[in-house]
Every structure is written in C-alpha cells, then in structure tokens.
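Following this line, the structures themselves.
Common to both upcoming complexes is chain A, partnered first by chain B, then by chain C.
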Partner chain A sequence: MTEILAEGVVKAFGRTRVLDGVDLAVPRGELWGVVGADGAGKTTLLRCIAGLLEVDAGRVLPGRPGQSRLGFSQQGFHLYSDLTVDENVAFIGRLYGLDRATLRASAEELLAFAGLSDRGTSLAGELSGGMQQKLTLVCSLLHRPPILLLDEPTTGVDPLSRLEFWDLVEHLHAAGSTVLFASAYFDEVERCDRTVYLDHGRVVAAGTPDELRGDHATLEEAFLELTS
Partner chain B sequence: MQRLSSLVRKEFIEIRRDRRTLALIVGVPLLLLVVFGYAANFEVQHIATELVEHDSPPVREALSANGHFTVRARVVPDIAAAENDIQHGQVAVAVVVDAQGVPTQVFIDGSNLLIATTAERELTALQHASSGAPHAHVVILYNPTLSSTDFMIPGLIGIIMTQVALVLTALGVVRERERGTIEQLMITPVTKLELMVGKTIPYLIIALFDLVFVLLVSRFLFGVHVRGDVALLFGEAFLFLTATLGMGLMISTLARTQLQATQMSVFVQLPQMLLSGLIFPLAAMPWGVRWISYLLPLTYFAAVARGVMLKGVGITDLWTETIALAVLAVAYVGLAAVRFRKTLD
Partner chain C sequence: MTSAVETRGLTRRFARRVALDHVDFDIAPGEMFGLVGPNGAGKTTLIRILCAILRPSAGAARVLGLDVVTDAEAIRPHVGYMSQTFSLYQALTVEENLHFYGNLYGGVPAGRHRAVCQLVGLEDADTTRQVGTLPTGVRQRAALAAAVLHQPRLLFLDEPTSGVDPVGRRDFWELIGGLANEGTTVIVTTHVMAEAEHCGRVALMLDGTVLACGPPSELRASTDLQVAVVDATPWQRSYATLAERFPGTSLRGRTIHVPLPKGVDPRRAMGDALSGLDVRSISTAEPSFEDAFIWLIRQGRSGAT
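Let's look at the complex of A and B:
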C-alpha cells in the first residue's frame, strides 16, 4: 500500500518551474531517499508532499499538514531557541494532543535514543547543530507518526552526530515507519530501500542503490553521468 | 577607500531591493509631515456652548462673534441641567444669564484641557472688552486646576496599552515567521484560528495587567482617581485592545521582518497619539485629516477613559464610543484574520 505519493507533480515559483512532473510512490514500511544537487527541487517536493505548499498540477499523499499520521522534520532548526529542550518537546507534544503520560513516555524514550536525556534543561539555542537536528527529529516523532518526511536532516551536522542520527532513523524504519528523506549526500542514500535521483525538478532515475550504481564505483558517479 | 566605498555601495543595493523598508523610509516621514501639519492645531473653534436660565441676544451675539464658540439655540432652564449637559459631553461651556441678560456664572468642561483653556481665555477677553459689565464667576468642572496630568493620564493609558497590544503582537507573529517556527507549527494539527488567537491572548492579558498597573500608579503617584465605574473602563479597554490587537495582526501579515514590523507599528502609533484627540481636539482638525481619527480605536478609548475617569459618566453616555470600538474591533480582527490565513497558505 502506497503511503507517500507524488503523481505528475508540478510546482512553479513565478516563472521558475521547480518541480516538473515528479512521480514517486513509497510503499508502507519502506525507506526511500531523494538525492540531487542544490536547487534540484528536493525541499519543494517534500513540502508539497507534506501539504505545506499547494501543487500546481498532479497529486500528492499525504498532502495535508496537521495529520497525526505525518511527521515532518524540516531543513534547518525551526524550534524555539529560547525554550529548553523539555519545553520544546512539551509544547509540540501538546499541539499534537498528547496527554501528559503519553507525552512523558514518548519524550523520555526518544530523548534517550537521541542522546538528549541529560540536556532537558538546556536552551535549544545553545545546543550544537547536530543536537538541534536530533531535537527537531524527536519533536516530529513525539506523536509516533507512521509516515516520516526528513528534509536534509544531516546538513551541517558533524560525522558522529550523523551516524547517531541515522541509527535513530533506521530504528524507526525497522519498527515499520515509512520514511522519505531528501539529501545532498550520496553515502546516505546507500541506506535506502530505493533512491530517486532528482535533477532540475525531474526524476532522472529511480531504483535500489545497487540498480542505480550499475557499473559505476559510486552512486555519485552514476548520478553525474546521468545528469551531465 | 575601495573597501569603504564597497561597503557603502552594498548597503545601498540592499536598501534599494528591500522595497518595504524603502517605502517606510521615504513615504512615512512625508505622510506624517503632511498629516500632522494639518492636525497640529492648538486653535480650537466651534466650542459647543449653551445659555442657562435666560436668553440674551447680546451675549449670544458676542460669543458667536468671537469665533471660538458655537452657541446652541436652546436655553436650558437651570444650572443642574447645564451641568448634566457638560457631564454628558453635549456642551463644553454653559453661560448662566440673569433676568437682565447679564452673564453671572460660566461653567467650563475641564476634562479637555485645550478646549477649557481656550474657552477660559476667550471668555475672559470678552469680559474685559465689555467694560462696566459685572464679571461672571468661572467654574471649571472635573479638572478645576486645569491640570495637564489629569487631562493626559486617561489618554496615556490608551497609548501604553497600544504599545503592548500593537507592537508586541506584530513582533510576536513576525518573529515566528522569521525563525521558521510558524512552519513547524503548521505541520502540527494546530489550526490557523488557534494560532491567531493563541498568539494574541497573551498580549491581551499583558495589556489588561498594564491597565491595572497604570491605574494604580495614576491613583497613588499622580492622585488621578477613577470617578466612574472601573468595570466599565475594563470592558471598554477590552474592546479597545481587541481592535488594537487586530491592527497588530494586520501589521504582522504585511511585515516580512521584525524591523519592518517595528517601523509599521510606529506608523500606526503616531497617528493614534496625534490624531485621536489625545493632544489636539478633533474639533480643531480639518476634515481632510479628521476622518483618519474616526478609524483609530484610541480616538474612542481616550474619550471613554476621560469620561469614566474624570467625569464619572456611565455606559448611557458612552454608547457611541462603545459601538464604534466594537465595530472597529470586529473590522480589524476580521481583516487581520483573512490576511493571516492568506499569508499562512
């Protein structure tokens, strides 16, 4: 069953067509990656799928924000720097309507997994980039969404934090979540069930990492050959 | 030198491309200068005046010829009726005339300082001009010493609440947008209406707390009492704040940065101070700018605050202002809600 869908999606900003007929369908429980250069349309695609942007043409799923089934971790840090980790978590959890006990249990487990248990009273603005990214992910998972969108979640994050971050994502994937993430790093999409190459708003290739690599040494080389 | 010129050039390029800020830098001072050039008029005319007990064509003629007074055709029967008219804002001056047609006493509404001082000055001049006539005794009501503190504090309460409701609301929403947190909120099940109301309620509470604080300071530091119903003052303040919060939300939908929001707030606050009748009476303003006054919540709240605090009037005398505040509250919040929804889409 398809959980995340983009069907002939077109999106333009002014005269610039950022997405030009994008198709992808992520079945339940799979981990998919969208990879491409800066400006390829990765963020726009995920925002359309989340329903934060209206598409000009085509169809998306879930396509509507504010659903308890969807978790969306956006690019960059979009939580409250002047609130502590615990306050951010409590605030977002209450917006999802979680009761006190559920919120506490969910927050404790996720913060522990993200290695943030001992930073509960730290101001979010004082955390490192990697910790902020993990906090963003924790907040988007509090309500235990079965569908997860991650937009360049490790950009600007140090290598160790990246590894810890992917441990967390793979744990969610193993638990049955459907995950679609966008990334500019080709090594990250090695972890995916399937990968989509996006270039100038179009899907230029899609398949498992092995299929996409083909005879090339790396996914990056294969991508460069396709887009050159 | 090359480095310096490069920095200056870069600044001008940024300013030129930031059209909202550019419009505020150039347009606002120009607009303020023109509007306030007309509005800043200390010369009050058309002071509503009535004769008490007896009519007197010479007195009526002298007052009308002076140019500052507009004398009502009706003569009120006694001093109690005249005081009632002044309390309810029907007239600002009541001249008691005896059976011989001689003015014996003058009552002046002291709740509006500029009107009261102008009326007192012109009446004194008239009496000096009619040598030999007995001088009428002048009684200033509500603010006998013509204290500027008594006059200003009720209006200043409105200014202080405007500061909180307008600026903080506008900044609060724009800050969310600048930091990108508003998008994080839109992912959650929170509705646009909840977001709008949730962003404004804290500032409404803070502004009402400010009202309590300012009333206490006015009472114990400046000796300005609330003669009327405090609950009525709070009810009117609620309407006033709702309208002002609506204006703050409107600004938040127009501004892209906190700097722009601050500049726009100043653009809205200055007219509130200068065109609301707080300093210059509305009657002294030409219609070219007076219509702006009628769109400002402070115009009505300043009148309400002065009425309740200085004159002790009740709701029966404040219907016009109350309805105006309610209409402005609905209009500004409604417009803000529509724009707020659009900017989030």
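Let's look at the complex of A and C:
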C-alpha cells in the first residue's frame, strides 16, 4: 500500500519548471531518500507532497487532506527561539489539538529518545544546532504521524549528533513509519530502502542503494558520474 | 614573521554559559586552518571575536599583529567573513550586493567586480538575478565574492559548504585552496570531516576549549586506533549491539566502524559481541578523520583525556 505518492507532478515558479513530471511511490513502512544537486527540486517536491504547495499537474499523497497523518520537518530551524524546549513542545502539541495527557506522554518519550529530557527549561535558541534539529523532529512527531517527510534534516549538524539523529529516525522506521527524506549526505542515503536521484526536476535514477552504486565504490561516485 | 592570528587565554562568557574557555593558538600567514567540533563548541564565537565584532571577556587575541579590542577598527578592513547564514541581501541582485559591500569598504577599484566573479567561478552566472532566486551553490559563491571583494589578508568561512551538494562542495574546496595558495590566510569551519582534511592544520574544539590541534594526519595518528570495518546483517541490530559495547562506533552508509586499539585482533577483541550477529565480513583500516573526530569527542566528553 502506497503511503507517499507523486504521480506526474509538475510545478513551475514563473517560467522555471522546478518539477517536470516526477513519479515516486513509497510503500508503507519503507524509508526512502531523495538526493540531487542544489536546485534539483528536492524541497519543492517535499512541499508539494506535504500539501504546502499546489501542484500544476499530477497528483500527490498525502497532500493537504492527509496532514494529520503527516509529520513534516522542514529545512532549517522553524521553532521559537525565545520559548523554552517545553514551551515549544506544548505550543506545537496544542496546534495539533492534542489533549494534555496525550501530549505529555508523547513528548516525554520523544524527548527522552532525543536526549533532550533534561533541557526542558533551556531556551530553544540556546540549544546547539544538532539539538535544535532533534527538537524540530520531536515537534513534528508529537501527534505520532505514520508518515514522515524530512527535508535535509542534518544540514549543519555535527557527525556525532547526526548519528544520534538517525538513531531516532531508524527507531521510528523500525516501528513502522513511512519516511521520505531529502539529503546532501550520501552516507545517509545508503541506509535507506530506496534512493531517488532528482535532476532538473526529473527522476533520473531510482533503486536500492546497491543497485544505484553498481560498480562504483560509493554512491557518491555513482552520482557524480550520473550528473557530470 | 608575525602570526596571522594569535590567542592567549581567550575567554568569552555569555549570561548563562562559557562559550570560550582559555583558548590558545597561533596561525601562520597563508595557512588554511580548520575549526571542527560539535555544535555549540564555540567555533562561531571564536570567529566573531577574531573578526573584531565581539569582544572577549578575558584573555587576548591579535589578528595580523593588531589587538582585537584596542585596534578593532584597524582589523576590519583586512578580514573577510562569510557567515553560516547567507550574508547577502536576498532581494538585491549579485551585482547590487557587490556594489553595496564595495561601498562599505570605501569603494573598490574598477574591474574588481569582474575579477572577483572570475575568481569564484561566477563569470558565467547571471549576476543581474536576485540572490534569493539563485541555487544554493551559486548563492554561496556570490557570498564568497562579497567576502573577498576588498582583498582581505585573512578570510573566515563559517560552514561555507552547509547545504551545498557534493559537486558544489568539491569545487568550493578547490577554490579556497587556491586562495590560500595565493597567500590569503583561511580559517574555515565544517561538519564534514573529509573536507576538514583539506586544511593544513585543524583545531578540534569541545565545550569552548581546544581538545587537539595539528595536521589531520597527526590527529588521526594520535588516537592510536585501528578501525574494524564490519559488514553485518541486519545492519541496524548489529550497529546497536556493537555501539553499546564499543564507544565511538559509528556508521558509514550501512557499514559499521568499530574503533579498537592498534595491534589487537579485531575478531578476538570484539569476541562475544559478534556472536548472534550475521557477519559477512570484517576488515581493518586506518581511522578516517571522521573516526578520529568521533573518538576524540567521545573521549573528551567522558573526561578521559
């Protein structure tokens, strides 16, 4: 059963066609990665799938009606720097309409897994970049969405924090979540079930990391050859 | 010869924490010097002090022979700073941004715009487009152009390749390597350890202190490690098992890197941690700079060094 879908998706900004007929279908419980050069259309694709942007042609899932089933962690830090960790969590939880008991139980577990339990009273703006990314993920998961979209979740995050961040994602994946993420780190993409290469708004290759690597030593080398 | 940068007991406190705690180092003119460390280690604070835009709480720093507190005004014309967040005006075109920054520096010679665009590989880019509409890689080159417009002797690059795709990253490091070869002192931060190896020397920072400083090869050798490269299936459970037993264990793709003391037999050293795992292969390798980073930071955090 397909949880995340893009079918013939076209999206233009002015005269620039950022997405030019993109197809992908992520079955329930799989972890997929999207890679591609800057400007390839990764962010636009995720935003279309999340229903934040209207597509010019084609069809997406979950899109707007499915938003309560969706957790979307956007690029960069979008929380309130002047609020504490706990206040951010409470605010976002209320936006999702969670009652107090549900929110507390959900937040406690996620914050513990993210290693943020003892930072509840720290201002979000004073956290390190890696902690901010983990808090962003925690906030996008409070309503326990079965579907996760992550846009470059570890950009600007140090190697150790990146490992910890992916431990959390892997934990959710193992528990049955369907995940689609965009990344500039090939090392991360090698861990997903399938990888999609996006180039100038088109899917130029898709497959398991092993298939895409082919005879190359690393996925990055295969990618560089494909795009050169 | 005067050091390009010299710090002694450099300390910076903010209201609730110490961001820099007695930092000492010297950087020679023309060096390409890397700053690495976990988020929050103090890298950006250090750069801001050396640019003379933030004052130290204690200790001293000299930049190009000038004191960062008493000679702040004299330092600024000689340093270029490309910050993590893009420092250009998104609604202005590349050309307008260059004019603006040129005027801040009291004007630049005619022909300098073209020269600088050529230098950073923007000669074919449309410099009449608004910066906000450009792809990340082009925007980042434009930010570099603005930072070197006034021909600074010392250039600070704070995570210049963050969010840039692999091709763009590779090209960018060639570019700044070229600048260093021409005599500009370059101080650069990154979270990609393979990139840090382009630097002649690297300072590894943790909690406001310098944990280790030297050429990347020396930092790698200082760990006295070998790395067992383990291919096991399923990798998730194998990684969890090994990471619990061997601190500093990390992942490259689906391959597990286990740091072990030099000279030991990896299978024997991992012993019963391997039992119950479906191991396809184990080989040993020299630690990469990323292996060394993870090891040194974990050691530093546990207070073992």
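To be clear about the criterion, the second predicted complex is superposed on the first by the 226 of 228 C-alpha atoms of A that agree within 3 Å, B and C clash if a C-alpha of one lies under 4 Å from a C-alpha of the other, contacts with A are read in each partner's own complex, and residues count from 1 in each chain.
The definition used in the following text is that a residue touches a chain if its C-beta (ideal position, glycine included) is under 8 Å from a C-beta of that chain, and two chains touch if they have at least 3 such contacts.
Bear in mind the structure is a predicted one, so any value in this text is a computation, not a measurement.
Superposition model on chain A: chain B and chain C are shown in a clashing arrangement. In the superposed model, A:74 lies in contact with chain B only, and not with chain C.
With both structures placed on the common chain, the touch criterion links A:52 to chain B but leaves chain C unconnected. When both complexes are overlaid on chain A, the residue A:128 reaches chain C alone and has no touch with chain B. Taking chain A as the reference chain, the count of touched residues is higher for C when chain B and chain C are set side by side. Contacts of A:174 after superposition: chain C is touched, whereas chain B is not reached. Looking at the shared chain after the overlay, A:227 reaches chain C, while chain B stays out of its contact range. With both structures placed on the common chain, the touch criterion links A:92 to chain B but leaves chain C unconnected. Using the contact criterion defined above for the overlaid structures, shared-chain residue A:107 touches neither chain B nor chain C, since it reaches no partner. Using the contact criterion defined above for the overlaid structures, shared-chain residue A:140 touches chain B, although it does not reach chain C. Overlay on chain A, chain C versus chain B, candidates 6-14, 24-32, 96-104 or 258-266: the clashing stretch is 96-104.
No residue of chain A touches both chain B in one complex and chain C in the other.
Against chain C, in their complex, chain A makes its touches with residues 36-40, 75, 126-131, 152, 155-163, 166, 170, 174, 184, 186-187, 190-191, 209, 218-220, 223-224, 227-228. Put simply, chain A touches chain B in their complex at residues 50, 52, 54, 65-68, 70-72, 74, 76-81, 92, 95-97, 139-140. Per the touch definition, chain C reaches chain A in the complex via residues 16-17, 37-40, 84, 135-138, 159, 162-168, 191, 193, 235-236, 250-254, 290, 293-294, 297-298.
Chain B makes touch with chain A in their complex at residues 179-181, 183-191, 345.
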